[in-house]
Structures are given as C-alpha cells and as structure tokens.
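Here come two complexes built around subunit A, the first alongside subunit B, the second alongside subunit C.
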Partner chain A sequence: MNYAKRLMWPLIILLALIVVNIVATGVDFIVPSVNEDGRLGGAFVNILRRSAPLLLIALGMTLVIATKGIDLSVGAVYAIGAAIACQTIIDAPDQTAAGLVFSAVAIALVVTAVIGAWNGVMVAYFGIQPIVATLILMIAGRGIAQLVTGGQIPKVQDSSPFTELGRGAFLAVPIPIWIAALVLTALALLTRRTALGMLLESVGGNPEASRLAGIRSKGITVLVYLVCALCAGLAGLIGAANLGSADANNGGLWIELDAILAVVIGGTALLGGRFFLLGTAIGVVIIGTLEDTIINVGLSSQWQFTAKAIVVFVVALLQSPEFRAWILKPIKRRPAAPAPAPAEEVQAK
Partner chain B sequence: MTTQTLTERPARSTLFDGLTRYVPIGATVALLIALYLGGVANYPNFDSPQVVAKLFIDNAPLLVIAVGMTFVILSGGIDLSVGSVMAFSTMACAWLTVDAGIPAPAALVMVLAFGTLWGLAIGAVIHYFNVQPFIATLVGLFLFRGLTLQINSEDVSMREIEFWQWGMTHVDFGEIRDGGFWLPYLSFVAFAVVIVAFVTLHYTRFGRGVYAVGGSESSALLMGLPVARTKIGVYAVSGFCAALAGVLAAFATKSANPLANVGAELDAIAAVVIGGTLLTGGAGFVLGTVAGVMVWGMLNTLIAFQGNLSSWWARIVMGILLLAFILLQRVLARSGEKRRT
Partner chain C sequence: MLKQVLAGIGAGALLFGLTACGGGDDSGDGGGSGDGLVVGFAQVGAESAWRTANSESVQAAAEADDRIAELKFVDAQQDQEKQIEAVRNFITQQVDVIVLAPVVETGWTDVLQEAADAGIPVVLADRGVEAADEDLYVTRLGSDFAEEGRKAGAWAVETFAEDPDGTTRILELQGTTGSAPANDRKAGFFEVLDAEGLPYELVDSQSGNFTAEEGKAVMETFITTHGLDGIDLLYAHNDEMGLGAIQAIEEAGYQPGTDIQIIIVDGSKAGFQAGVDGKLNYIVECNPVFGEQLMDVVVQVANGEEVEKFTPVEEGVFDASQFEAELPNRKF
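Up next is the complex of A and B:
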C-alpha cells in the first residue's frame, strides 16, 4: 500500500509526459512498431533502449544510496569499462572472434568490480565519507580511461559481435532492454525475496546498530559499491557497443548526476534506509522521455539542461517536509478547512 | 532542528586541535616546494619567477571559485553549481556588452549582483526547506549550463569592446631577462579576493560563524549564533565568487564559450581538500586553498615542461594526492579521538 503510494507521483509525471508526447506527435509515440528486420522500434522503445545504461547505473546507485552512501565515480567507471573493452578488441588481430569479445567484456567487468570494491573498502574500512571516497575516482577515473586508450578514441569494427551488445535484438526486443530488465529483476528478487534488502536498509539506517545486531555491515557496504561499479561498467559496455567506440572524455559524462536524479525522482531519499528499485526505473524512463519531449514540443535541445534543472528543483522541494508545511500553512490555518494531519496519524496507527 | 547532509560528520570525529590542525596545510606547502624544486632540478628556465607568476595568471579564476568553495565547505555544505555559474557569467558578460550594447562596467555589476542573488536564493532553499546542498546546487549546475547554451551555443568574441582589455594589462616587476616577472590586473583581483576572504574568515563574526556552523550546526544554533544568516551567506559568497571568476575568465580570454569550465567545481573541491580543509566542514584555512590551487597549477606546469606527457596525468596525480590527503586527515582525526578518550 505504502509502496504504491510512493510510486504514484513518479507514475503521474511519467504519464503526463507520455500524454504530452502523444498530443505532440500522435499515438505512434507509445505504440511499438515492427521494423523491416522484425525488431521492435518506435519512439518509446527507442527511449527505453537509450535509457538502458542510465537504468543500470541508477539501480546500482539506488542500492548505494540505500546504505546512506553515494557513488560519484560511476561516470568515470562507465568510461573505464568502455575504454578497456574497446581497447582490448581493437588490439586483437581478428575483431570478429566471439571468444575475444567475451574475454574483453569479462576483463572490463572484472576491472570495474575491483574499482567498486576499492570504493567500498574506502567507505567501510577507512571510514571516509562516501562523497569524498568516490570523488577521488570521479576526478582520476577519466584520466585512467585516457591512459587505457592512449588518448585516442578506439573504434570497433561494425562487424564485431561486440556491437550487438548495444545494437542487437533478441526475440525482437533490443538487447540493452533485455540486459536492463534482467538486472532490474535480479536485483529486485535479491533484495525483496531474500533478507538482503532489509539488511541494506538496516545498514543505511544505522551501520553501528546493524553491526551490533549481528549484521556484517562492512561487508554489505563493500558489496553495494561493487555492484554499483559493476552496473556502471556494464552500462559503459552497452554505451560503447551502441556507438562502436569509447570516448574517455565524454562517454557517460554527467551520468552520475542523472542517475542520482533518477533515484531521487523514484522516491528514494538520499538519507538512506529506504529504497525503491521500481521507482528508480520509472525515474530513469522519466528522464529519457523528458529529453524526447523537449524535441517533440518544438523546443531546441539546449532546453534539456534547463528542463532537468526544473525537475530536480520541483522534486527536491516536494520531498522537503519543511516546504510542504510552508506551502500548506495558509490552507491549514483556515478554521473551516478540515484538519487532515490528525486524521492521517490515526490511519497510520 | 538537526540537519543531515551528505557530508555529515561522523559523530565521533573531532576537530583537529592544537598544532595538529596545521599538519595538512604543512604537508601541502611541503609538497608544493618539493614539486617546485623537482621542476627546477629537471628543467631549464623553471627557476624563472615568471613560472610562479604564471600560476596566478592561468589559475586566477580557479583560485576565486576555490575561495568561495572554501566558505561553503567550511560550513559543512557543498556547491556544485560554480562551474556552470562561471560559464554563465562569462556568457552574460558577452551577451550584455556585445549583443545588448550595455556599457561594460554596468554589465559587470549586473553579473556580479546576479551571482550573489543566485547564491542567496539557493542558500535560502537549502536552509529553510532543508534541501540537501548537493541536490539544491545540482539545480544550478544544470540550470546555468542550459541557460548559457540558450544564450548562445557558440563562441562569442568580446575583442571589440575595449573594457575587456583591462584585465590582461601588465604590471611589470623588472625585466623578464633579468629575473623579473609580470602579472596582469586580473591576478591582483584574485589576490584581493584571497585577502578579503582571509580577513573575513578569521577576524569577523561571520567568519567565526562559518567555522561554528560547520563544526556542529545544532551547537551553533544553541549558542545563539545566526545559523540562517551564516548558511545563506556562504552560498552568496560562493555565488559571488563564481560570477567574479566568470568575469575574470572574460578578461582572460575575451571570449565566451558555452561549454567552458565543465568540471571546474571538481577542480575547486579538489584544491580545497588538498589545501587541508575538512570536507565535513569546521576545519581548514583559506590560505591552504591557495596552496591547493598552486599544487594543481604546478602539476600542469610540470607536465607542460616535460612536453611528452598528456594533460590527463594531471588529473590522475590530483586523484592520488586527494587520496593521500584524505587518508592523512583520517589518521589525524583518529589520533585526535584517541587522545581525548
């Protein structure tokens, strides 16, 4: 019940955006079409496909934020994952070998997992604030990615199976959507059907109390940063496969901010202790749809940043109890108006 | 009323006390001297005073935003919007003077006033609505980048307007050949900002309030300090500094680029932390920030002198230094706790 209530606002925003798009461009916006090659296409499917990397990162970020942390390094990790995979592939003599692609993907994922574990150890064992611990890699990470690519932008041949990761389809549905949906389902099952989710919320609520209650809070903290970096690396692979290249400077630029934004829109407070994976997913689709909406209603793409700023501002204010109290004050003061606050309290009890 | 922020200080950590609080800044200065001596030993002409002077020419805008950031971080907050506000201010200078034809001094005052007002507004949102500084200033990061792009998505030149020549006017201190150096006016503006910031932080009530609020907001409130004024004030200072840095950038380049200063907020935060300021607030020095900016400049200078290294090495080294300094602060804070118990 509470869960549905939490998801209501993001869902209303998403529906409103979709309605605006349908009014602007027609019903074709939402209805998936079947392309000549038998794949699903259409504007909304494309939004989902393009949002897949952001969704992966935002899911990892949700878990980190649930433990009262934050991971600023995901954009840099995205670039590192993409750089390692692309560089491994173009260094090999035959770019079309399936084995090569598998090993390139595996190397990239292992390295990003190690980076995540490093972040986690800094936070859990050295006791450094998450924002500071991950800031280090946010600053140095793109330099490391540049180091991997030697300052060039490695371009993978279009014939390499690697590009399928971003452009391919399975059962008519684009592969990025499959990957994102699989990760979402896996994380949702892991956190809601096992005790893991509760442990996460417990660590976010109070790490010291959790430790005293017998929870290995340090291990769990390292685990969430590892998962978050792994998600970021995977997102980098999809992004690089889609473009066929890895740009160490601009690949995944500001994706950490978009991911945090998606998490916040989805109803997960930055204070930790509670998280909503499905809300995050809706938040990601809202951001993806917003970008298309701006173009569809005839604004220039430069409005994108401004629109995002407005969304962050509105969401931040709506989630602030002080703001809600301030805005409701004139209504509540009127004696004729029913007093909603006590009634709610009774219900809650 | 307690405010929880992302940069919340762990309950047990203590302020550095006694001489310990000078250890981080001492380490930064030692590092700076080591970098300089390393440069002098390895490269010819590195001992020219102009090498040091150039640090304050290239990094004058960074120095100014880092000073503003020091206020915010000392108070326990963070300001992510400075890079975008800076780019917006440069673009606004170009727009007001070139397109709108407003006299340049008036435009300059308008830009600085706008930056300050923006800081006041976002500070009020952070304080009164209890929105986390990280999220509230994220609004500024997106908003001003967007507005800058909307004003003009391409480079704007300000060369035609004579006023913008003022900033790079030289003041010579002896002939360069004879071991002299020169500095442009804009470096002196940056120095003035540092001096004013130093005096404000250490010798005024507002400055002591910044340290107190950063140390413990609830204690500051209970002591009867003007917490609201202080918290809003630091964002106004940061907004003003970001706008001023934008103006300095306009002087330095005489052009406005909508994608300038992407990531400047990170450089500023890194410089502040390397300068010995605790990211959780309450401890640090504005002169440390100057040293932090100089380290960043010195790294870039060394890479330029080496010639065959790419500029990304500066970022990697900066990350490593950041790590070293954060671990140093951790060790000092822990030993402080042990002494007390």
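Up next is the complex of A and C:
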C-alpha cells in the first residue's frame, strides 16, 4: 500500500510527459510499430531501448544508496567495460567469431566486477567515505579506458555478433530491453523474496546495529558495490554494441548523475534504508522520455538541462510530505473549519 | 601585504615590459644559440583522435624543421592548472616562442602577462582565449569554424538549386551547445543559404554534443518524429555525430547518402570510409595536421615579422568523387 503510494507521484509525472508527447506528435508516440526486419520500433520502444544502460546503472545505484553509500565511478566503469570489450574484439583476427565475442564480454564483466569489489573494500574495510572512494575511480577510470584503447576509438565491424547486444532483437523485442528487464526482475526477486533486501535496508539504516545483530554488513557492502559496477559494465557493453565503438572520453559521460537523479525521482532517500527498484525504473523512463519530449515539442537544445531541472524539481517537491501539506493547506482548511462544531456537540453531550 | 608587493612588482614589470619589447628580439635570437629556436608547446591533452593527430603533426614538423632546435611538448591532460604550470616553466626556461592550445577561453591574463613581461611571444594553436586578453598573444593559428560552415552551405546551395519540390528540407545535428565550433558552423552554413536565397526549411536542429552516442539517439528521435520521407539533407557538425546518425538511418530501413544527403565536418578515417561506402555525400575538413604551418608562423613570430591576428589553417572540402583517393592520406 505504502509502496504503491510512493510510486504514484513519479507515475503521474511519467503519464503527463507521455500525454504531452501524444499531443505533440500523435498517438504513434506510444504505439509500437513493427520494423521491416520484424522487430518492434516506434518512439516509445526507442526510448525504452536507449534507457536500458541508464536503467542498469540506476538499479545498481539504488542498492548502493540503500546502504547509505553512493557510487560516482559508474560512468568511468561504463567506459572501461566498453573499451575492454571493443578492444578485445578488434585485436582478434576474426571479429565475427561467437566465441570471441563471448570471451570479450566475459573479460569486460570480470574486470568491472573486480573494480566494484575494490570500491566496496575501500568503503567497508578501510572506512573511506563512499563519495571519496568512488571519486578516485570516477577521475582515474577514464584514464584506464584510454590506456585500454590507446587513446583511439576502437570500431567493431557491423557484422560482429557483438553489435547484436545493442541493436538486435529477440522475439521482436530489442535485446537491451530484455537485458534491463531481466536484471530488474532478478534484483527485485533477490531483494524482495529473500532476506537480502531487509539486510540491505538494515545496513543502510544503521551499520553498527546491524553488525551487533549478527549481520555481516561488510560483506553486504562489498557485494552491492560489486553488483553496481557489474551493472555499469553491462551498460557499457550495451552502449558500445549499439554504436559499434567505445569512446573512452565520452561514453557514459555524466551517466552517474542521471542515475542518481533517477533513484531520487523513484523515491529512494539518499539517507539509506528503504529503496524502490520499480520507482528507479520509472525515474529512468521519465528521464529518457523527457529528452525526447524536448525535441518533440520543438524546444531548442539550450532547454535540455533547464527542462530536466524543472521536472526533477516538481517530482522532488511532490514527494515531500511537508510541501504537500503546505500546498494543500488552503484546500484542507475548509473541510476542517466546521470540525470544531461537532466536537463541541460531543462535549455538550 | 604580500599581494601589494606582488602587484607592485607586476606593475613595474609591465612598465619595463613596454620598453623591453623592442629589445626582445635580440635576446630571443640570442637564446636560440644560433642553431635554431627552442619552442614550448602546451597541448590540451589526448582527448580525441583529432587531438592525437594534431600533437603528432606538430611534433613531426618540429623534428623535421631545421629552424627549430627543440620542441618542449607538454600534455596538460585537459587541465588548465597544468597548462598554466607548463607555460610558467617555459618562461623560466627562456624558450624563444610559446605555443599554447588553451583548454578554456578564460583565466589566462596573469600567465600571458608574465610571458609578455619576459619578452616571450605567445602563439595560440587551435582554440582561442577571451577577447580581453587579445593584446597578450601575437597570433592564433586555427580552424575558421564559420568558414567551414560556409563551405558546407555552398555545397548545399549548389546541390539543391534544382530541387524539384522547391523547398530543401534540412535536419541539423549541432555540436555541444554554446561551443565555438557549434555556434560558428551553424552560423556560417545558414549565412550562405540565406545569402544565396536557397528556399529551405530547417525541419529540426538539436545538439548531439559532438558524440556518436547522442548523435544516434537524436537522429532516432528525428526519424520517429518527422519521418525521413521528404527530408533532403542532414548537416552534422562533426563526423562522430554524423556516423551515429548514419547507423540510425540504416536501422530505420533507409539508405544514408541516397534517401537523404549527408554533410559532415571533420574528415576522420572513419568518416571517409563511410563516404567511400556511399553513406555520405560531402566532407568539410577540419584539419588537425597543421604542424608545418605552425612552424612557419613560429619562425615568423620569432623573427619579429608582422603577422595577422588570426591565421586560418589550410582546409579542404571533399565530394563523393574524391573520397576514395583521399582515404589513405587521412591521419586520424
């Protein structure tokens, strides 16, 4: 019940954005079309497909934030994952070999998981503040990606199966959407059907009390940073596969800020404790839809950041109980005014 | 107290600097020890293939040029602090000419003043600094972004003069909002279209932030919003965005270069390859290989010759008939 209420405000904003787009461009906006090659297309499907990398990162970020942490390094990890996969593939003689693509993806994911575990160890065992621990890799990570690619932008052949990760479709639905949906479902089941979610919330609420209660809070902290970096690496793979190239400087640039924004829009407090994976997913779709809305209603690029700020501002205000009480005061007062009268009657009796 | 002392020294140095200017040439020639010039180059970093090609060109040209004794090369890794530090080191080492490719336009007054006080001329490469500091450098060698836009516009006017349906419908992918190349490439392009009286409609124009990722995303939205039927021309401010857009057009089931004509600015290997494959129609070069031209300017400046405040880099244009021949010459 409370969960549904939490999701209500982001959902209302998302619906409003969709209505604006339908008014601006017609009902085609929301109705998926079928492309010549049999996969689903259309404006909204495109938004979902393009939002997949951000969703993966935002989901990982939600778990990290639930433990009262933050991970600023996800954009750099995205670039590292993309760089490793693309460089491995272009270094090989036959870029179309399925085994090669599989091992390139595996190497990229293992490296990003190790990076995440390193972040987690710094936070959990060395007691470094999360914002500082992950800031180091946020700055240095793109340098690592540049070293991997030798300062160039490696371009994978269009014929390589690797590009299917970003451009292909399974049962007509684009593969990035499948991956994002699978990760969302898996994380939701893991945290809501097992005790893991409760443990996360307890670590975020009070790590010391959790430890005294017998929860291995350090291990859990390392685990969430590992999962977060793994998600970021996976997001980098999808982004690189979509373009067929890895840009160490610009790939996933500032995506950590969009991810944090999506988490906040989704109703997870940065103070740690309660978290809402589904809310985060809605937040990501809001951000993705917003970027298209700016083009569809004919605003110029200069408006992009301002429009984003306004929407986030509105969502944040709507989610604040204090603000809602304040704005509803004049409306609520009228029914409240006659209230003393029956109270007197009661007293009179 | 310390500030006042420093300000006093600065003011004094400034006064002497005015008179020292005339004599600066002698000491400059003397410092070169007769063999050639010592040049300090504070480069932005290695943030793109364009930049890497630029650094290599300057280093190779200095190596090959007998008039240059030594090039002191500093990679500032996109950090202004490091660049300022590099310029200060060049001043201490008494190099003959300082070449600076400023990361950003502002914040150079102090260090450029120090160079002027030391009698060392400064040449800007590629990017510029804010107008208030104009007196503190000798010349800027770089791309004329507005001219690049005008070249693209001229081709559009020529190509679409005989457009059967009368109006040329254009999509534009702009560079990073507010950046000089984005502003000037846009302005130059439409300046020519307006001046030549080509009947056109700018269907949509959005920023793709100079990256393939955003170029592709924006193009996908253009296609779902406007469709591609009836669109004549796509003008992309750099080739990364253009290449991203080409993918989006192909995935939507259209033929880039045939169903929609495409102009890109930059001209990397990947851009030319797309041209050879028939996926785009016109490339306006933004040339990073200006090492030799830079060395000429440096020597002129060191000899105290009069140079223009802005020296444009030599840049070409390429149409479909030239892509294949030019591809092997591409440096980045």
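Methods note: the second predicted complex is superposed on the first by the 311 of 349 C-alpha atoms of A that agree within 3 Å, B and C clash if a C-alpha of one lies under 4 Å from a C-alpha of the other, contacts with A are read in each partner's own complex, and residues count from 1 in each chain.
In the analysis below, contacts are C-beta pairs under 8 Å (C-beta built on N, C-alpha and C of every residue); 3 or more make two chains touch, one makes a residue touch a chain.
All of these numbers come straight from a predicted model, not from anything done at the bench.
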item: Combined model on subunit A where subunit B meets subunit C, clash or fit; value: clash
item: First (subunit B), second (subunit C), both or neither touched by A:E322; value: first
item: Partner chain(s) touched by A:A43 [first = subunit B, second = subunit C, both, neither]; value: second
item: First (subunit B), second (subunit C), both or neither touched by A:Q304; value: both
item: Contacts of A:M138 with subunit B and subunit C, given as first, second, both or neither; value: first
item: First, second, both or neither for A:I295, with subunit B first and subunit C second; value: second
item: Touching partner for A:V264 - first (subunit B), second (subunit C), both, neither; value: first
item: Partner chain(s) touched by A:N242 [first = subunit B, second = subunit C, both, neither]; value: second
item: Partner with the higher number of touched subunit A residues, subunit C or subunit B; value: B
item: Partner chain in contact with A:Q146 - subunit B first, subunit C second, else both or neither; value: both
item: Single subunit C stretch clashing with subunit B - from 79-87, 205-213 or 295-303; value: 79-87
item: Interface residues of subunit A shared between complexes with subunit B and subunit C; value: 146, 151, 253, 300, 302, 304
item: Residues of subunit C defined as touching subunit A within the complex; value: 46-49, 52, 174, 177-178, 204-207, 209-213, 216-218, 220-222, 224-225, 240, 244, 247, 251-253, 270
item: Residue numbers on subunit A that touch subunit B, as the complex places them; value: 70, 126-133, 135-144, 146-147, 151, 248, 253, 257, 260-261, 264, 270-271, 300, 302-310, 312-313, 316-317, 320-323, 326
item: Interfacial residue positions of subunit B with respect to subunit A in the complex; value: 4, 6-8, 10, 78, 125, 128-132, 134-136, 138-143, 145-147, 149-150, 153, 262, 266, 269-270, 273, 279-280, 310, 312-316, 318-320, 322-323, 326-327, 330
item: In the complex, subunit A residues that touch subunit C; value: 25, 28-29, 35-37, 41-43, 46, 50, 146, 151-153, 155, 167, 239, 242-245, 247, 249-251, 253, 291-292, 295-296, 298, 300-302, 304
